[in-house]
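Chains here go by letter, A, B, C and D, matching the order in which they are written, and residues are numbered from 1 within each.
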């Protein structure tokens, strides 16, 4: 399922970074960073801190959704022309194991790029040092919209 | 699809409220409150504030997921015996319209209560004054686990 | 979530019936019939016969999907102007109990009607005499397309 | 996401073939065949024939679901001990393109194997000669049950 895509917009990586900074929820509350941006592929990392933990010490499941939805959406966004953004039509997430680690990593990829609708997936991991354990898996439909 | 359930635990409402207070993400970051708790039914409300907005002024979609996942999960939890809690196996969310309002409300309901797995839905609204507009719809599988 | 919709096309019911007859899989293999057609609402019934049973005597789960996908899609179709049809973008189905009965009934409803994308649900039942037991629940995104 | 699994039951491949023959819907109506069976991996092929076509000549979408649900479920089944089978808890399918070809192929894989619940995916293709085009993508939760 790994594919090679080309972007229609040279500034696709900067567009992802700027968009991420513009979202207080991702930027301020989760301190999310895009750690890899390629056409059809975006990796986002979030440091684990007290406020996103559950009582038992593992990361709240919704954080997996937040980071994965972003990584998948930005993966779709990298393939869009200048002046376009994506909105999430729907997504589905399966949880695999408690998220325990220093960082939550979501690896978003485009499965099929359409003119209006794109289908993307994201694998979410909890990472400690260089060890990754599977946390969740997401599949989503993204819709291209003109930026206003 | 509206059903009448009975709880196996008299303290079901207090268990929901205590659990919500124990989650910093829901309690501190989102300031979520359970506004209605009945067997098989939980409504959760989150006030809209700056940190959960998108650049265009509407509420970040992930907030709908967070509130709905909680409302649906607690709806399932109300039907469990003392000493049990739920974990989210998976959920699916469809977005309907931008979330614009003063509060985000999620109405969680049990569709089918099983001994181990329960299926729940949640309707998510953006509310201003007494007017509600549909924001999103979630369906989820919840699993009962013994509390440790 | 029950809403009142109005159709933009007087022939909406006949369009559903004709389309159902045009699909050999639904018409010939499953002998599906539309038993109720209203704006935003379609009920489809399939008689249980040997070929759709599992070894243990219950109905193959995929039949629930087939009937529900049709009922939900036709519910969306009833609201479209003349010359339009729907295609399924995606759907998600949760199974609730083994499908045991004389008929499989799917009740499809529009949750939100958009110009291009509509969100619909379907409740699927196994029916014996006048008794219905829940079999499955489906949520779907349908896309309007011009008929060719 | 490609992993190496080992089976707990030497007869895992024969169990898949026997189970497929026992389902009239898959065996008789769809003429499905398991073309590759490995631990955590099952490929199923269905020949395209008149009864599974839509009016416009492409394969009915529900066939993608049927073949994918089977391939994913059998992929999970290969990892179970003797005397166990799987039931589908839920699945979600995204359609990518019209299914046009001579065969429908579903490649099912286990993403995460749990003792009770397993998460699997399936990629569905329409194949003509040796050329495959993406038809749909499915993600599912399967539950292990003791065979009766």
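One rule holds in what follows: contacts are C-beta pairs under 8 Å (C-beta built on N, C-alpha and C of every residue); 3 or more make two chains touch, one makes a residue touch a chain.
Here the structure is a predicted model, which means the values were calculated and not measured.
Farthest from subunit C, judged by the mean position of CA atoms in each chain, is A. By number of C-beta pairs in contact, C-D leads when C-D and B-C are compared. Subunit A and subunit C have centres, each the mean of its CA atoms, that are 34 Å apart.
Inter-chain centre distance (subunit C to subunit D, centres taken as mean C-alpha positions): 23 Å.
Distance from the subunit B centre to the subunit C centre is 28 Å, each centre being the mean of its Cα atoms.
Counting partner chains per residue, subunit C shows two or more touched chains at residues 89-90, 92, 94, 141. On subunit B, the positions that touch subunit C within their shared complex are 1, 92, 94, 96-97, 111-112, 119, 121, 123, 134, 137, 139, 141.
Against subunit A, the residues of subunit B that register as touching in their complex are 22-26, 28-29, 50-56, 60-63, 65-66, 69, 87-95, 148.
Put simply, subunit C touches subunit A in their complex at residues 89-90, 92, 116-117, 141, 143.
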